[in-house]
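Which chain is which? They are A, B, C and D, in the order written, and residues in each are numbered from 1.
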Amino acid sequence: MSAADDISTILSSGIRLTVPLAFAACGEYLAERAGTMNISLEAMMLGAAFGSVATASATGSATTGLVAGVLIGLLIGFVHGNLAHRLEVNTFVVGLVLNALVLGLTSFLITISSFDSHQVSQVSVPWLRDIPLIGHPLFVERWPVYLLILVIPLTWWLVERSRWGLELRAVGEQPQAADVTGIHVNLRRRQALLWCGALAGLGGAYLAVGEVGSFNQNMTAGRGYIVIAAVIFGAWRLGRTLLGCVLFGLADAMRLALPALGLTLNSQLLVVAPYLLALLAMLVFATRNREPKALGQPFVRGST
Amino acid sequence: GCASNDATAAKAPAATAGSTSGGGTQAGQPDVNGDGKVVIGVLSPGDINDGGYYQSFVDTAEKYATSQGWTLIKRGSVNTSEALSAARALCQQKVDMVALGASELRDAIPASEEPVCANTAWYVPSADNIPQTPKIMLSVDDANQSLLAAGYAAGLLLQERGDTKAGFITGPEVDFTTSAVRAYRAGIRLVIPDAKVVTTFTGDLNDSAKAKEAMQAQISQGVKVVYPYLGGATNAATELANANDVYTLTPGTDQCASTKPKFDVSVLFSPGDYFASALESFAAGKLQMGVKKVWQLGVDPYPTVKLCGDKPEVKEKLDAFIADVGANKFDPAAEVKRLGS
Amino acid sequence: MTDDERARELTPPSAPALRLRGISKRYGPVVASDNVDLDVHHGEIHGLLGENGAGKSTLMKILLGLVQRDSGTIMRGETPVDVHNPQAAVALGIGMVHQHFSLIDALTVWENVILGDTGKIDRAAACRQVEEVSRRYGLPIDPTARVDRLSAGERQRVELIKCLRRDPSVLILDEPTSVLTQAESAELFTVLRHVVRAENRAVILISHKLAEITAATDRVTVLRKGKVVFHSETSATTPPELARQMVGRDVSLRAEGAALGMLPVDGAPAPADPGTGTDAAAPGTAPALRLRDLTVTIDGVAVLSDLSLDVAPGEIVGLYGVEGNGQSTLGDLLSGLVLPTSGTVELAGRPVELDRPGALHRAGLGIIPEDRHSSGVVLDMSVAENLVMKSIGDVSGRGFISRRRMHAIARRLAAEFNIVTPSMDTPVRSLSGGNQQRVVLARELSAGPGVLIAAQPTHGLDVGAIEDMYQRLRDAASGGVAVLLISTELEEVMALASRIAVISSGRITGVLSTGEATAERLGMLVGGVAA
Amino acid sequence: MTASSPAVPSGTGRRLLRHLNPGPYGWQTTAATVLALLVALALSSALIAITGGSPAASVQALFQGSMADWTAWTSTLLYMAPLLLVAVGACVSARSGLFNIGQEGQVLIGALAAAWVGLRLAITGPVLLVVMLAAAALAAGAWAGLSSLMYRLRGVNVVVSTMLMTFVAQQVVAYAVNMPWLLQESRVGNAPVSPQSNPLPPSGLLGSFGEYPDLQINGGLILAVVAAVLVAVAITRTPWGFRLTMLGRNPLAAKHAGVRVNALGGAALAISGALAGLAGAVLLASPVGVNRLQPGIAMNIGWDGLLVALVARNRPLAAMPVALLFGVLRSGGGFLAATGVPSFLVDVVKALLVLAFVAPPVVVALVRRRRSSDRTAGSRREATPVAEEAIA
């Protein structure tokens, strides 16, 4: 095996590990820009992973499963949004409870059901796949991966260029002022959570019916938190957030591939690496200026 | 600890509330507590639907209990810190037997001495790390033996393919996984002295995506036999191996009948197999507390290593090896020490 | 109120743009709006006056859908409308320039301006519109600047542009001038006049400054305790009359008038109380407050440079300057919120270790901070707690706070300083601005300070409260306290201080006694020209 | 709108009254809570029925495992102790305006420190327990203090850093129990060792009053209740608490009033961490339990304790009944799982019940607000106590 092949293998693996993170990161990024620190991301991903496998098994179509995953993410986003930004239940309470709920529910449901394995099909782009080194990793992928090409610019455009995004940013920065201006703060936050739910759902569903082809208990294994770390690492900028995802994905790929190449690394250190990196990024770069000022703060009209 | 003198025993509400008359509580019959029905309570530290190691335990219990018309209470993913209270709660449900799914839950054992569990049989799997107490039945096996044999089988398959590179994928890097690696490696080297065994720790027995990536990486490096020593992620990883014509071994259970995924070697050291035989004695009223049953490779039906495919020569060599171990022709522990690192 | 006054109400210039009938709103026991009737016509600037807490803001918030009325009707023209949220108000052509919370710091000017619109974003068009509006009304602004980089005056401009761009037929301004310099205020009124005369809009202007009201409005309505108590053509009334209607009694518009934007008619701004009017610290008496070479550099910009100033016991020194010249920073520094890069602060001849929290307070410095909401009071704590906030040690014994003692002190101070509050346990948030300011003043003076810093002490206060504040500052001075009055209101400084130090670009450009101070000389000093 | 109770002369008396008074909308909240509970139970029942279980028996089991007899109470109280400790700490930090959500990690660090002291320091006699508790509090306090330091030096958001530090703590503990030179249990013969420490010596265990199967009040509970009362008094009655509240409500005004905001904020965060650390030590040294450090020792007590504080709206005294409730859910849930209801389902039931307790008060407050059509600050402030009463 040549070194180029090794690199290509690691890249492929890194991309596969990155994709679910990247989808969810686009969602979390948008939600955080609107001021919600969405802890229930894990629930969204896990619920969607389960829903996609169940649906794929029932309908025989992995694509339908993917859609179902998105719907489940939306549902969880809807529940979170209404509890946190309509009923004003503390968003962390909502997140923690939803995570527990979805973990319990999916773990339970998987015990009383069995599913056939389905995976979405692979698309390989002619010519491009023959580019050395990166050709295979980038251009031989399961088709939802190419959705990222849509989702990333769309998210960017929504936040940075659309009116909706302008209002989201206002809501995440100074909700009181946004309210006075006539923006329905909590509605925007709920909408942001829906977007987040849909994308986290896509990420979770991709993990299940794209990568693995089946569901097992707690299969997201904390990816939601990694994504939150990535958004922090990225200092609330989409590009850097995605860079964070790639970094975490590649690091995992290296960790999983290096032993096969004859190298070993300390595993605890590698598990904490994303969190340490996020902390480090916050310490080294002055990210406080970038943070949405109202992140995590509920909006109640009239309170200062 | 709580002394189980008469006074407290009388006060223990749930334990004595039944229609137990006198002291007829001993292991003469499966209905140990004499309430007219047989209830088995199983506690497992792992995911009892992982399709592997942990599941086999409850599956066995379930199958047996159903066949006998017994009731089974199973509780999976018991946090080790909660083992004791979980066991007590089971006793309060008037189970006739408390069965622990793995030795991680040994912290529940003190409950066996408590009045609440007075009329209960206890089945405890052990790896020789749990002291015998009067109220429990220990079921001991030596992981070195089965993993060494598994490695031996892998070595034979490698040899057959004319290859020298084997793989091992597991979750966290903790003692039970690292010692498994050592035994497995030693087994392979008994066949191919210069064999190379690559080991990947994914960090999580259930993270299918990472297990698959680890498998992919090993496959790319030309590894032809991989042991997915995993939990919930086993199947996902094995399916990938199947697709690449890589031999795999099962982590504990007999999966030779399975086609999707397909395994090439079944390594049987699952607690379920031991438990099944314990349940048989239990049904016959012969299960004794305060004793230890040691399971010996090559002597007892379990643990053992079984070839799934049809390779008579390999099978012959493997069986011979297992018989040798059973006959104490050599010391697995010493071999592991010698060849494992 | 009386028939006489009703009679003065002339036929309106046109059909009312906005008509309020019987609007009521109560907050628990407080009636913030009591059966208010109000007509606002196209082509007029309608002044809305009232003491602090009279219910002006509440009424406007009702109009804007930010607060829901308990009863009453709002009519646009002749049709009753339902304004249940700000969007509805915008749809009805009602726009408001708020004083707080209306611009998003992290966004640019054009983004802020189009915030609240609908439809696609067109950056080029938005910038063009901003430029157009800013040209039309003479409000120069860079549409691509980030709002947090703008000065108070510029922000006000953005607010106006944002509001005017939507082409409102009714424009509401709630105390728009309290953070503006005189020049900026003048600019604003020019714009408003244009808006009304040339474009026939209706403007509601809320202000405490009687001079502004008399100069700028066509008609005026006075609220007291939520009720409309007075209504008139502006030309048919006088400032003293308005002041009397607001407070419900006669007010001496002597020095107090100053803060309301009127110099006494007889000119010469004599120090009100000769007792405090010593020209400078008498030689021999050490200054109570001595600032030496204070330099504060923020982000590489010297906000204060080598500022030195002495204040003697018993004198009031005014520090006068235009917003953005370092006054606020000096206030922050003397509140312990900012550390100087170099220089010293001496109190009673002893240098203060500024980096020790509370050192200034312990050394006997009291301060009425500029922004009482953000640093003067804790809005969600009770009146009693706010009153003892700085001397919490004094009301506690054996490690515990004595509520009895706390309440006793609070009640004494509330009585002494005429703080109107339902109870000592009422959160300060629900007091009116004037009473909140009294809470701060009471707390600071009760500590028996040797030096009192009063930063913009009458911002947002009504005439009665100003009268009271001035009297208390003078009393403090005559009691031997050295008072440093930091103010952007020339008249206020002239009325209170015996010496005036002028600050410009972080430097003291000159110190004059009130006698020598003329508008021209001060103007030159403010402009940075030494006189 | 008569939320404020009738005038009562003494401040203390009035406060007491306010605590006891269910509030004008108390009955509505109660009704809504009961309704929500019924809905949660109905949902849970449906799920249980799917598995062939009996909903009625499940409710019965929930009750039986948590409150039916002294044994059940014992295990409920056993859970309540660390939950309350964590919650009280969360109250302190929330009061100061710094929102600590890293309790789960702080619990782990506390347990780690206590285990290290208990197993590696040659201390004998009752002193050991004291040193263990102190070490747990110190270590976890310092751990939380790191977040404060990061905030102070680089402005790192406290919520974010405390959360991230939790994941770090988990790996630190996992590392410690896998390293023989640190805390991994000693090997017996050839047997494999688990990722856990040796059991604590008996002198390192918390005492208790009463003995299983009678009611057993564990020492941790006493510690927790004392902490709750002390913190409640400190917050509401002492100058320190006054400054803390001031800092939380308006940091600028606090600074202005001479409060050393950095020190006080840091201290508040450290105290909340220290209390979470104590909870870790209590879990470790519990009179009933495994008494070893294991990676799973925190058992989500940190997250649940945070929930307790949030449900109790950051009031230490209100946290007591809420912690009891959570203790009931945990012990009842454990018992429920022992009746054959899948344990995951038990988690679902617990989560649904928590929602049923959290949501109704806010729903009522919201409906009230809508109805009085008043969307400004005043009503919001009045809504808070109502919510608290309903839970307490």
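Just so we're on the same page, a contact is a pair of C-beta atoms (placed from the backbone, for glycine too) under 8 Å apart; a residue touches a chain by one contact, two chains touch by 3 or more.
Source: prediction; values computed, not measured.
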item: Farthest chain (mean CA position) relative to chain A; value: C
item: Gap in Å, rounded to a whole number, between the CA centres of chain B and chain A; value: 36
item: Chain centre separation in whole Å, for chain D relative to chain A (CA means); value: 29
item: Cα-centroid distance, chain A relative to chain C, in whole angstrom; value: 48
item: Multi-chain contact residues (two or more partners), chain A; value: 107, 111, 268, 271, 301, 304
item: Multi-partner residues of chain D (each touching 2 or more other chains); value: 174, 178, 342, 344, 375-378
item: Multi-chain contact sites of chain B, meaning residues that touch two or more partners; value: 77, 172-173
item: Chain-chain contacts as defined at top; value: A-B, A-C, A-D, B-D, C-D
item: List of chain A residues in touch with chain D within their complex; value: 37, 83, 86-90, 92-93, 96-98, 100-101, 103-105, 107-108, 111-112, 222, 225, 228-229, 232, 268-269, 271-272, 275-276, 278-279, 282-283, 286-288, 291, 295-296, 300-304
item: Parts of chain C lying in touch with chain A, wherever the complex brings them together; value: 66, 85-87, 89-90, 98, 101-107, 111, 114-121, 373, 379
item: Touch list for chain D against partner chain A, complex; value: 47, 50-51, 99, 101, 150, 153-157, 159-161, 163-165, 167-168, 171-172, 174-175, 178, 300, 303, 306-307, 310-311, 342, 344-348, 350-352, 354-355, 358-359, 362-363, 365-366, 375-378, 380
item: Contact footprint of chain B on chain D as seen in their complex; value: 64-65, 69, 71, 75, 78, 174, 178, 184, 188-196, 211-214, 283, 288-290, 292, 294, 296-297, 299, 331, 334-335, 337-340, 342-344
item: Interface residues, chain B side, partner chain D - complex; value: 2, 8, 11-14, 41, 71-86, 88-90, 92-93, 103-104, 107, 114-116, 126-129, 142-144, 172-176, 179, 333
